[in-house]
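In what comes next, chain A is part of two complexes: it sits with chain B in the first one and with chain C in the second one.
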Partner chain A sequence: MDSNREELLKQLSALDFTIIELNLFLNTHPRDRNALMKYNTAVEQAKMLRMEYERRYGPLTAYYSTSSYPWQWICNPWPWHYSFNFRLAGEEC
Partner chain B sequence: MMNMRSSDSKMPEKPYPPECYDRVPESEYIPGNPYLPNIEPAPGAPGTPGYPCVPQETVIENVKLARAYVPFQRLCSTYPAVRALCRGTLFPELFSPYRGPDKKHRPPQYE
Partner chain C sequence: MWIYEKKLEYPVKIRTPNPKMAKVIITQYGGPDGELAASLRYLSQRFSMVTPEARATLNDIGTEELAHLEMIGTMVYQLVKGASIEDIKAAGLDPYYADHDRGVYPISAAGNPFTAAYIQSKGNPIVDLYENMAAEQKARATYEWLINLADDPDVLDPLKFLREREVVHFQRFGEALRIVQDYLDSRRQFVIPKPKDTE
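Right, the complex of A and B next:
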């Protein structure tokens, strides 16, 4: 798979995970301004990355993404294919 | 309808990258306690002395049997996004991996 695409997907997946984590934290700490700021920042970043990804590589979901002609959702690889997904390298961990 | 490629049916050698848990630096652990990561407070408030990242309960009054007591989490530092995804948590205080050998065998420890 295109390494740029893989990198973009990795960054987006990582940001989406960050958003879930902060979402759960904010459920019990709704007045934590610092956490809320981090959450809002992550959401804005993810929004931009998602737009960038879909502009370059096609829709990530079948119902919240617009599509060029012809209908792009059916193009391989599908998200559950191994070749669609990135491998987490050791460096960042 | 679905066009499965032959390369897509191949299983990866490992279900997760070994670096996520298997090769955690020694400094991540408190000596003698393989289950707690060694949390370095971030500079500045939360995490400075008197305001630790993990609130240290000293007195819990009126304790009852068979009740669990969980300290209230504080926001301290957070991992960069990709590391958080790899480690399964955004919060360093919640990352407490097993050491490799401890996964197989851990003798009982008494104080």
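Right, the complex of A and C next:
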């Protein structure tokens, strides 16, 4: 995986994790305006980052992502491959 | 990773409680050919699967099975929600009630708690895909026996949808098996890179 991809994925994962944390917090604190604002901001940021990642490196979901031809979803690497984290990505596809 | 979507894959709205039906439908929640077993089976097998096509097939069908688990859980919930103690006793659901009240718990129709012994993940792509094709057929058969036992259209409708999905999954696993067989049969060439100084 090239370093740009790794960096972008890291940023997106961090944002997605922020969303999960705020989601769980808000479930038990639904009236916390500050947390809600942070949540909404993170969701918007993640949306943009996700679009950027998918434009460059292909679909993250087989539900909300469009694909170029041929169907890109099945392409390696998958998250459990070494190549998802290191170089040599895509060679198994 | 997974993200939950707050909707069912196919709607479930059962207006008449029927604990007798809940007692048998629960087998597709936590029984031997149920949706929980299916999901765990495919999502576990995908790590050692070969070919992009078969790997994605396991990942995505394993994911869809979780949506089916939710549908079955919804059906069980709605079938027991308004049922009286008398109805529950008459349906023979009182042993379940003693342990779980009207909660949804993964057991088979005969009351056996869910076990990972229902599934296999063998580390061999051919073995796993055959297992999955058999599993889809067993689940299809189970849905047909449940359809035989049901008479309420509110119950029959989602059961028929779920039965159809087993047929489609069987087809996709069959295609994946063929792709994997072709891949494993293909001749492979191992190339030793030329040393730089001979270029």
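Just so it is clear, the second predicted complex is superposed on the first by the 84 of 93 C-alpha atoms of A that agree within 3 Å, B and C clash if a C-alpha of one lies under 4 Å from a C-alpha of the other, contacts with A are read in each partner's own complex, and residues count from 1 in each chain.
As a convention for this text, a contact is a pair of C-beta atoms (placed from the backbone, for glycine too) under 8 Å apart; a residue touches a chain by one contact, two chains touch by 3 or more.
No experiment lies behind these values; they were computed from the predicted model shown.
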Which of chain B and chain C A:F25 touches, first, second, both or neither: first
In the superposition, chain B vs chain C on chain A residues touched: B
Touched partner set for A:W73, first chain B, second chain C, both or neither: second
First (chain B), second (chain C), both or neither touched by A:A35: first
Which superposed partner A:Y82 touches (first chain B, second chain C, both, neither): first
First (chain B), second (chain C), both or neither touched by A:S65: neither
Overlapping contact positions on chain A, where the chain C interface meets the chain B interface: 76, 78, 92-93
Residues of chain A touching chain B in the complex: 10-11, 13-15, 17-18, 21-22, 25, 28-29, 32, 34-35, 38, 42, 76-78, 81-83, 87-93
Contacting residues of chain C [partner chain A, same complex]: 1, 3, 46-47, 52-53, 55-56, 59-60
Interface residues, chain A side, partner chain C - complex: 16, 61-62, 73-76, 78-80, 92-93
Touching residues (chain side chain B, partner chain A) in the complex: 2-5, 7-8, 10-12, 16-20, 23, 72-73, 75, 78, 80-87, 89-91
